[in-house]
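In the two complexes that follow, subunit A is the common piece, with subunit B as its partner first and subunit C second.
Right, the complex of A and B next:
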């Protein structure tokens, strides 16, 4: 027993030696990128000045000498936008990891139940008939939830093999809303609402303000806490319902909770930014390469990598060309080659 | 009593009951084996006992409490289930897999603590897996995977483990390794219910054996009492042979083997002391059925023809029917039927053409009039020495058509010796019907 205790202690030590720098990196990477991102843009602002401006709401004297336009640019434009990139990236990283676990499938993300297609349709509908930014966001959110609701309860009509049926339902509902969106695009005014719909579907953080950031902050943080707390149990869910149940976990209730929170997170993210694909799919794979598949360690890594990844993508979208590049285009262009590389390097069992 | 099932039944779909009225008991330190054919309800039974499925009727008691009254985690602290082996989607390490056994002991928002790490290490040490703890579960051998799942059960700290076919797909040494460890854990007080396809394991390791057949309990009891030729034959629908060993004057069953068909030449009917000669000489306490088996086209009918010749030469009379193929060149294009008492022949079947709705198998279309005629012949001729029925096939066994008069005579024992041609794939069906039949494979 004594020997065992000793070996447990030594293993713990071994873990923590590796853990401390990793966790420092995991927190430091997104934070550093956050500050760096604030400095980037057409109007150059140094990192020291950025930090000063950030502190200025608390210590107004600290930002003396910095031009007002820089302060306004950081607080009103860059800060909400980069915060959104951080939150949405973290959200996709976490929900992708959770969905891959509960679907026992490393090739899905939180869009598998059709939330993005539903949100796309909701946004297109509002853009076509109202055009108001706030309504677009609400409509996207509501239709995103509706799509998942239809997939989930549609699958309950069948008795057997609910996981496969659920996946199939998600694909069906997704295609259905995709077709509806195409119908709206076909009907839309090619000079006015059609470009608006098209750009929305390509994804952008251009229109983020503090006002529409608020629901994103609240739901994302709530959802991240929920998934964080359950992260070790994702391991057990990934073994399948029968085994989870034999290990004393109620798989149905837990999956329902995870799907609910992940869907809220994804719907609010899509409604704020438009369609940004690939993050939820790619990030968990990158995370597994670093810490392995165990979800207690994987989830924090996915959150950190997701946040960092989307901030980098958004920086590129803002700075690469004089005009903005749509985010959905960049995540695809960068995410797909990364995924191909990761799949080559990953071991057989992911 | 740790675990008790009282008259449980279960149906996945209404009207399709897969488990009928099963009762069993399990005491501390006991190992109970559940044996039966594929699809007989073993896995369903384990799921009901483990509380994963709720029986439609009857009750399962765990520690004298209804199992449905436990919460999932309270239940999992008392009974563990090791499912049939499968590859998880993610390559967790051995240690991480074993750690999952701690789930029922953790608060539902919690993650493993140092105490859990200690328990996991103890379990790994006990099974001898510490060296493998950081290897991916997906990359260790099948036997080791099974041991990891057992270690997970130990980390779960439940007094009962249900194991679903733990030795399936394992080589001899891994089977041995797994079962010896299970046996030792049993001696330390753990109770097991093990579903298995290995009657020999049950002889070696079980305290009690439950034979399950079509969802019904055929028998439950000590392995020496339950694993008998008669019971095993009826459960598995093949003939079995139990090999005994004499130990200090006591006869002990050591192994169960399927009984293979005897290879018999028809001319041995004349040879003194041979199998056929014995059967015909004994003349007879009770009617004797000889099932002549072999693959389709292996010469069963030719064997029968030879047999008839031998029988007639040695003075026995013959009745029944024979159905040789009609050949055009090398191609079998039809089936003929010969009445052995009158020698009449008729064309029974032709190759199937598309789009006719008659009495037919996928290949052959049968003439109903000729079938009627053959059946009448079988009904009318009675009581001679040797009855030949060639052949009973899918029509008779699966669809209740064809030579039904032949089936009836065999069921009622209206013959002295009957040679019945049955292809190998239908042999279990035939043995289900006539368990005492002798199985031979003809050789010319």
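Right, the complex of A and C next:
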């Protein structure tokens, strides 16, 4: 045990000394996985051909001789999907880190205010009554925001200890929407809408197209920039409100901004992919193990690891079997053991 | 005591025989046996003495069928005795015989080897025939010992189920079998039934015309594959419960102490067996209806297979059957695959197992189907595929070969009797040149024969529009 702690500490030290290679890894890892993922799929396309296709917008002649169907598959099916995995993974990593900081609690992620439960209900509602992909996405987004809105303003009804009340309200609102979703599942036809709702609640990037990727790209990049800019203030917020005020930061406004942006990011991610659990919870812990609790470094690491983790998970989901494996199944199966392992190994420095 | 009783009965019979002999073959004799003897002895006897208006119906019956007809007649006309004749009967009673020409009205079969053929157009004859094939007619024959009091059948889950006859109050928690019960003309036995495809405007409007008790007997909310409201079931006092073999409530229902008959009809053979079992549950008339359906099904499949024999395997059309969403497809275990194969196609997703499978577009590209079919339920639509940019890479989409399977009530891709129309429709879509079956003719015949429903031109246009 001692040896393990030591090795964790030495890794930390090593990376803080050799800062430059770490950042290279942080950029290189998702990029490399992105390119690798493009070559993976049920349909066999060689890596060279994939590269040629990717370069074809710049050099149109390069993709000559490659079957049209392969080009279309890469550009219309694989590219948006892998991009979505990258963005959603990055988004969960960043928002998870931010929420763990402002709630001063390592066991929360951006779902703590009920955004996922709300989105799940919105999606189930649309699947039950319309079944249209685009409406499902819009409805999930709207209800995700509604759930957080309810948690936030519900907590204002009670005066003291706002953080605890906010957490409690989040749990309450989350279970309320969870019950509503169960009600819809109960009412859903077991032959058609019920499997669709169940599959959505387990998460999948299968339906991603350029069209529904657009809001994801915009909101995720905006949110990531916002969190990136504020990342050093997360340290202050994680100290507590009194300390933050003493250091000249208005903790309430700050938190409001972070919650707002994180919620937008999470809602748009959930609405595109369905419920993908564990990424926002596990990734910040993995990041802490590598670079420690300092948010200036933790946030970039979480973004990078989140993106890489979800791309790997999605690669498995779409290539292992002829049928799609729900992402929620894989993140749970792989994420939970990792979390348990990390909690055993690293005892300090949340 | 008993001996005395029997001897009295014997005495009555002998004396009646003597009386009939004296009246020289009076046709109104209450005893059928004597009629047989008379008929055999003197074939022309009734012409010598025409019977008068005491007789309500003149019946000509085969010797073996005189006793059951008498039982039915007495039960229906409050103990009156029937009059048997040789010529010019109102009603002819004979074995139903082989079903040769299906496009003919089916006879009313009241015993496995006895059927009624009206010879005159008369309300009383019609009412009597209706009675003969009804549950009360069945009861009268059971009371007389001419039909069994109970039947042991092996259901499709492999259980031997002992059912007391007649089944008067049936609860169906499985939509496809509800449709089968309509097809074997036993829908008046329902206390509650779960329907398939009766929620949409077309399905519910047709059901209201087919059955005056619809939608009151619809029990979709209480009884389905996943739900079984046991208290409501207890209140309905069913004497038989019908369900799917993979229902989630099989343990709980045991508390009711009512026989449960389970179905699992995901193949062509199992579907035929399911319809025949359904017929046997409800008696001779239903058994005959079930036989007629199987005969029809086999004749359709046979004629398609005959045509398919001329098409080499490599020219067979590859079909992908999608579900409520474009990227959810039917597995090889599902009935949809059997429909495709029976119609002479190749099911693209037959390597998949289980129920509906979620897949990704790359897998569809690998399969590269010639035709894509979407089902007629759950918001599935042809447009979801044809108007999607991503799907344009498939030849089937480029060629516009994406079709929606039709339905009237039960979807034609489910293991219900209507599936036979699904096979016809599929074969027509895949091989329009070779298949000479006509969807509208067959749909009209099918719903007329098996649902007693005259399909309207408007409905025909909806379900048989050429894609």
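Everything that follows uses one rule, which is that the second predicted complex is superposed on the first by the 331 of 350 C-alpha atoms of A that agree within 3 Å, B and C clash if a C-alpha of one lies under 4 Å from a C-alpha of the other, contacts with A are read in each partner's own complex, and residues count from 1 in each chain.
Basically, a residue touches a chain if its C-beta (ideal position, glycine included) is under 8 Å from a C-beta of that chain, and two chains touch if they have at least 3 such contacts.
Keep in mind it's a predicted model, so treat the numbers as computed, not measured.
By the touch criterion defined above, A:204 lies against subunit C but remains apart from subunit B after alignment on the C-alpha atoms of chain A.
In the superposition on chain A, A:110 contacts neither subunit B nor subunit C. Contacts of A:294 after superposition: subunit B is touched, whereas subunit C is not reached.
Of the two partner chains placed by the overlay, neither subunit B nor subunit C lies in contact with A:220.
Of the two partner chains placed around the shared chain by superposition, neither subunit B nor subunit C is touched by A:212. By the touch criterion defined above, A:273 reaches neither subunit B nor subunit C. When the shared chain is aligned, subunit C comes close enough to touch A:76, but subunit B does not. Shared-chain residue A:247: touches subunit B; no touch with subunit C.
Interface residues of subunit B, counted against subunit A in their complex, comprise 13, 47, 50, 52, 72-77, 80-81, 83, 86-93, 96, 100-101, 103-104, 106, 108-112, 114, 117-118, 121-122, 125, 136, 138-139, 156.
Contact residues of subunit A toward subunit C in the complex are 41-43, 68-69, 72-73, 76-78, 130-133, 189-193, 195-196, 199, 204, 206-207, 209-211, 318, 322-324, 326. Subunit A meets subunit B in the complex at residues 4-5, 7-8, 11-12, 101, 104-106, 159, 229-233, 235-236, 238-240, 242-243, 245-250, 288, 292-294, 296, 347-350.
By the touch rule above, subunit C contacts subunit A in their complex via residues 224-226, 323-325, 327-328, 351-352, 355-363, 365-366, 377-380, 384, 388-390, 392-393.
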